[in-house]
């Protein structure tokens, strides 16, 4: 595993990564995946390093996955959640980050509701900044673990057809996946109601489709997105059940998919809304494989970003 | 310490344990208790294991005791509290647990307000599930540490008389203790106001007593339960001070106890409500010994459940 | 590094420390500071020890600094925050501390809004109690890291003039710094509006000054305090902008300072209130050095207090 040419300190998004960089992350992840599992004591690649998790939005799997990834490499993990931090005393994000750096952090993993906040921090501090989701901008570690999972199942993605279905407009997962998938040569279709999937996405290079049957029929994999009912304003679609009626994936509509098509979801699933409970647990679903691969992929991200070669 | 015959993966409650299993947990706890204390660096029996603490209700001692127990065996501990988890986004408990398993947990310690939720999870996931208190059902690690403490002080419990006093109706601690104590041959009396200690408990095999003096006079130990004023509805007794007047244990009523009778309480104590401050700190009180023994007992539980022999 | 004569178990405040004790803490901190930094795996001076962080008020840097300090010495750290603890069930602070001791803690680091609560606990439990800020009383680790930073920059403080500016009346930082600085031979001026800096402070031995220009002109260092707008009642000054107009330190007023005078702030800074953004980030500001030195100073505190020699 040669990482001597890795030059990127921050993982802010997928858009700016080269294909070589993406493949290198997957290669390192594959190496680490073999070290996980029963009776393993992990690897000590990050022994003595301090990883700070700065999570400004609720999260189970991303926060825990980064924590487990760091601990599996024997790093120390410090968690800062908004509710118990000085941010409640009105400190700026900038000062919190500068302080975390002064406290000796070797990397900061940040989730924040404002798009661009990881980029903003990366210009202020010297330690690597890893974006764990910034508003509707990007969620790079999610897209990388999705890619890892797809390649494990499908091999090369060149020429493959991937449909991303749901609330594209507000989804950082859709954006990051668009970049990984197209860089790997796949053809991406954004699907959902026209209010959530405006035609403008075609200018990015995606296909846009407002008819579920058409969106599913040729897909090698379909990625569902969570309908974020906590953020839902009534203007985008009339009601949740209306959405489910027209775009929810269920047993009947599964017939529109190719037999071997994969079903992905970044979680947490709203069972019975965007995806029916039976399909969530079906053999086509790779949802839990995604979660599992998230550990190895994040080990790779942490290891590479804390060992970049400066020019 | 031979654990080669341990076959139980989950600790869901005491009711289903055999006497042999209970004694094995205590034997392993005794072994680990000797490894604790000054200048000890613990034991590495769980090195490389990941224990996930999933606490859906507030807790100081149980959560910390499991955390310290796991760390004393060199396991990694990941804490998930409801307030910062995806459960706030409407994820089901089932999906949270499936995800925690996919993230590589080696055991899940769960506290939840719904009776039966640990059992429910144990049917869905492959990793050991350890019940840290489920509604009014069971709190097995508490009963095991109570038993450990009683046996350290009293030796065999065969034929001993133990009174459990307070809000029996809503108490998981009372239920779990009933099972450990009767399996060890002790005679259990449930005492308190008739609204909180209905006659029906006699069908379980317990004595029921609504007179404090009678409940105390022959007891070798009395276990007090916390009056849960945060859950108190006015229908069970008129007021806290009414309860204290009739059933609170204080200096005067201590005379009704045998001189050497032990006083136990699972904590947190409402000083001056169910137990007077002076008695809480008296030499008959073993409340802090219970807390201390909780570490060794939980080390035993974690070690056994993650090393069960499948059939 | 000879610590064989260290006899103090608790760090409750600076007032009771001897000059020798203060110098010993700084000497040990200097030793540990050298062990920090890139590619260091820390020191194992506290391997196998359990440090419990009991934080009853929000904090980023102090809580994290103690956590990193403990982990850098290979201790286990257990965090208890008020919101998830049994304190929400009405348990007394005393019982929480007694329980934490029974759980096997080797030291308790406590932040609490009530002055004297660390002293109160130190009389109840046997494990070392370290005050991480108690109401308006003391914040000893903050004053020690301030002192460490000043001495690194200025050498001996004998005869040096230090101005502490802001809300002195409610500040534990001002009190603790007054004690370290005067014990080191410095001359301390308390400055700010007369409502926040009453003349009575002169009886402690401080100078009191209500004119900013006079307070700044001879100072070798100026320590700014946070204006705690979350605690602000209207009676102490008319408005925040009024305070800033008269006592805020900005680019223009910097001219009133000596060229080489240092600017300190315990953080979090209200940029534009007590200190202007440009000065916060200027070369005279040692604010981030303070944060960085906080790790080594707290390593020294934890190491010394858990290794005191009892008489």
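Going in written order, the chains are labelled A, B and C, and every chain counts its residues from 1.
One rule holds for everything that comes next: a residue touches a chain if its C-beta (ideal position, glycine included) is under 8 Å from a C-beta of that chain, and two chains touch if they have at least 3 such contacts.
For clarity, every value in this text was computed on a predicted model and none was experimentally measured.
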### Query
Think of each chain as a node with edges to the chains it touches; is that a line, ring, star, complete or other?
complete
### Message
So chain A and chain B are the same sequence; what rotation in degrees superposes their CA atoms, nearest 5?
### Response
120
### Task
Could you please state the distance in Å, as a whole number, between where the Cα atoms of chain A are centred and where those of chain C are centred?
40
### Message
Which positions in chain A are in touch with at least two other chains?
### Response
83
### Query
Which residues, counting only chain A, touch chain C once they are in their complex?
47-48, 50, 52, 76, 78, 80, 83-92, 95-96, 98-104
### Summary
Note: in the complex, chain B contacts chain C through residues 36-37, 39-42, 55, 58-61, 63-65, 67-68, 71, 81, 83, 226, 228-230, 267-271, 288-289, 291-292, 294-295
